[in-house]
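In order of appearance the chains are A, B, C and D, and numbering begins at 1 in each one.
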């Protein structure tokens, strides 16, 4: 097992954990947390590939990860804003109850 | 002779390390530095607390502590003994683990910040390329500690204090970062050592400190405001406003954990003063070329202590802001102004040497200051307070 | 262009010509800005309007100075700036502006008089609640009018022309709450539209003939000699060349705007608008636009006569100019007659304006551009003066407009009286002293020398007598005798009297520019050097003409004074003239029944035609539509029967099946995000498995 | 394969697992902060200093705080009494496991093709800055635009509607 393999496995595990959280939790915020975990797992992959890739000086994977972090921050802000605004309408953050398009 | 005195701590460390077997040498070097930091700054914490209590006393027409030791100078020792021996009370409903973790986490991240501060020539613990980023990463983590403390106490005053503190710290972190970015833009490096080196030059015997440039002066003022807010000091001490929230997020702490928060706060003050000193006041460089013989670490620590004195002075002078004033001030005055400073830095950078850039950059900032200030005043968002007495 | 005098034409555009467009543009922009202002920003609105027009005046003075400088150095300045507006196939539609003596003179006059009237308006409209709207329209008008003046393209001129018509409509109907104002606005708009249709026809015809609408374009313009030769060669029927027919069509447009005889009915009614509007639009500038138009296309009008290059008629005349002359002269007398019997202070002035416009037209027709334009300029000043004086009187008498309810204002309103008297004498053509005398005399002189007929001369002389008469009557009613109105009359504020004084000064002083001894104005317009020949005053020709005109004027003045002042009329008493000849008086008071004539002819025809159309609509077309509808309805009934009985049975069953199938499918779309996410994840897993498996093999 | 790597991986996975399984929502948020910190340390292990510090600054300093704010604003800080998992949790877990199986299988399948230990790339912040404002300037601008849009959007979405009592 190479070092890269280890990182990839950890990333896969974190991704699976995040997916599991996103699929099973009822609280919308925790679903968002799961999605953040999935994104982070992807970032770990990117950085690992950058580190062990053939051209680390090109910085491609690293840049990808940095941009991904920035996008994830935006995603978190908007996602949580949506959850709060839904909560204000329906008084719940339970995803099982949020199955209507009508507010 | 001068250089020996200047490098005395470095030489001391090398000497101690050289006594040990080669295997242990790297580890020992780091441990020695860490130990030094952990010893020196709590000592400075004690001194500043005493200074604050006595100074505030004088400002408020009191004498201040005067019972323990000659002129009360042993007061911090007495305080320390008291907090160590007091009972550690944890509320029944509190979330015990988080309640315990919060002060520990706070103190740890606050001390982490010192790792990158250059406290003298060759006196940086970790010479890191992204030192400033590291510092801010650690600074941002304190917010989580504050939240943990406030939330786990299961006390509405604690929670309110924590929410206020976190909102305030997040709001003021943005101008804090942006005003530091101005320095980064000029120096072209995130490394604090390089920033100090860039300022350690002299023209006609006068230093090239960034505070002596138009943009640097403005950025320093913004940095100072943001830093004061970041450390929850007066006039931004809403999270701990005694009259409103008992003691804010650490209301439910006692004994040593309380001392840890207290320590964290003061060490945080010292740390952010150190950062401000490094960024704007030339770090460990001497204020005049002729004073270069004085050891660099003396300059660093005197500048830090001077900043602390200013903070104490501010606490004794300024009244506390209201929450909405605080937020409006951050987002509608400080943030736009720091953004403008960035523009100003670009202008400064690309206008080249000469007297013209001094005039242009100063003019931009002055006009903007007056303009933004006036418009904000007009809209009554910030401005003179109006007091309403009980009718 | 006079040969042998060393005048050459200058064609390259100077910098002032390049920025000439700013003169109309600035007031237009100001108008746009004012339109955005709220009502309370009165000061700002008027300041913007006045400032922008002041700027235009400054530019206009520069332009004028440039032209004068060029002229004094021996150039006949005509600078054009043209550009292509749009490309249509191989042809282009070009727009442009021109700076020559004609446009320069008009620019200065319009901006100067306009500025004074703007200033006056701040006083007159001070208490109106729609103050900013007023200045918005006024500014727009000024811009549009200046656009008409500088246009070098008939198309651009027509656009601005219509814009001027629109602002006129808006301003006449400014007090649209009054039904009479709304009706007057509508009438003005529609009547001028009749003329504009002909104008547009003329433009289109001209474009078809010459392929360009630019007036001057370095020899390629539509009224430059090359084009004119082609136009003269083309026949239009009735013995007219295309040039003559187009000129007549364009004159119809000009007649509509300038209130010439058949189309004059709107102008007196337009007095429903605020007085500054009457002064600016319906006395000084807009109505003069028609005259200006004729002057602008004068080469076209004169084409076929003995045409010199500068478009001056020397000797013979053309069909178009003959029509212009007769219409002008006829209108002059016709309107003057009506003016005699009017009692509304502004209406008298309105008919007087119509009459004077007739003079200008006749001057253009007989004496050329300079004669007509000189009267236009002098008239603009003294008629604006009279209107503003009338406004001042109305203001002072608490919005009273009936001259029978005034009187004795000489003492209460001394400034107004003095300036009004100057205006009145200028209009009457009081010999030697006033500008009106010189300009009217020039027209009479050219009429005297007009050889096709001496009719116009007699008509115009009679008109001059009538002018003096009705103006005397009006002044007697208003300023002499004793006050017959209600309340107490008062003098107007300084902001209103100051413009009056300035205009009064010009009403006297402008005459210097056009005396026979020093015909500077004519020389300037026609592009040759002006020489001072005091000897002209000694010629018998001058003295005989002076004798005729003086006699006529004094006769009018004396008659008026004798009939009206000595009697010191009373409000309820019948008019002095009415006692002499009641039936004539009745006709005149009822404006010679032109409006009524239109009611029983044109309007009745339209009403009848509308009824016919209505009947056709209801019976013929409506019936056809009803029949088709009925057929379709019958078909629809049959269709419905078929549908309900045969189709629905099977279709409903199918629908139920589909519905239940949809219900099954909808269970996947249950609105739970996690279900979707799960499906997505399953799909990804399957896809990844397939990919890896296939690549691993 | 150093011991540090295993410790950090364990920390990260533990934090992640805690984040998706704990009952108390705030504990979940704190646990996910631990996972973020672990990941940041893993980045440092991979010689990606800049990304690691950015991770701490953004995820612990901003996202975690945002999450706890959202939790408090939606009154989710109390431990729920009924089930914390949705009704179909079993299917969800199974699918997550399947995903991990497939990904892990893919990694192990290709392990022979993976490159081995290479020298740590010497990347200075200066280089990153140059790359950000040179080759990657367009993505940088787009991200800036996105962040601005997200800022405005989040404010608009979460703002109290006018007239609504607080």
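General observations
In this section, a contact is a pair of C-beta atoms (placed from the backbone, for glycine too) under 8 Å apart; a residue touches a chain by one contact, two chains touch by 3 or more.
Values in this document were obtained by computation on a predicted structure and should not be read as measured data.
Listed here as common contacts of subunit B and subunit D: no chain.
Counting C-beta pairs in contact across A-D and across C-D gives the higher total for A-D. Ranked by how close its C-alpha mean sits to the mean of all protein C-alpha atoms, the top chain is C. Ranking every chain by how far its Cα centroid lies from the centroid of subunit B, the top place goes to C. Annotation: 5 Å between the Cα-based centres of subunit A and subunit D.
With centres defined as mean CA coordinates, subunit D is found 74 Å away from subunit C. For the pair subunit A and subunit B, the distance between C-alpha centroids works out to 34 Å.
Averaged Cα coordinates give subunit A a centre that lies 72 Å from the centre of subunit C. For subunit B, residues touching at least two other chains: there are none. Across the assembly, subunit C contributes residues 672, 674, 678, 681 that each touch 2 or more other chains.
Residues of subunit D in contact with at least two other chains: 50, 54, 62, 69, 86, 88, 91-92, 95-96, 99, 103. Applying the touch definition to all chain combinations yields A-C, A-D, B-D, C-D. On subunit C, the positions that touch subunit A within their shared complex are 670-674, 677-678, 681.
Residues 86, 88, 91-92, 95-96, 98-99, 102-103, 105-106, 109 of subunit D are the ones touching subunit C in the complex.
Only residues 1, 5, 9, 12-13, 16-17, 19-20, 25, 28-29, 32, 35-36, 39, 42-43, 46-48, 50-51, 54-55, 58-59, 62-63, 66-67, 69-71, 73-74, 76, 80, 83-89, 91-93, 95-97, 99-100, 103-104, 107-108, 111, 114-118, 120-121, 123, 127-128, 131-132, 136, 139-140, 143, 146-147, 149-151, 153-155, 157-158, 160 of subunit D touch subunit A when the two sit together in their complex. The touching residues of subunit D, when paired with subunit B in their complex, are 24, 26-27, 30, 33, 49-50, 53-54, 56-57, 60-62, 64-65, 68-69, 72, 77, 124-126. Taken in their complex, subunit C has these residues touching subunit D: 672, 674-675, 678, 681-682, 684-685, 688-689, 692, 696.
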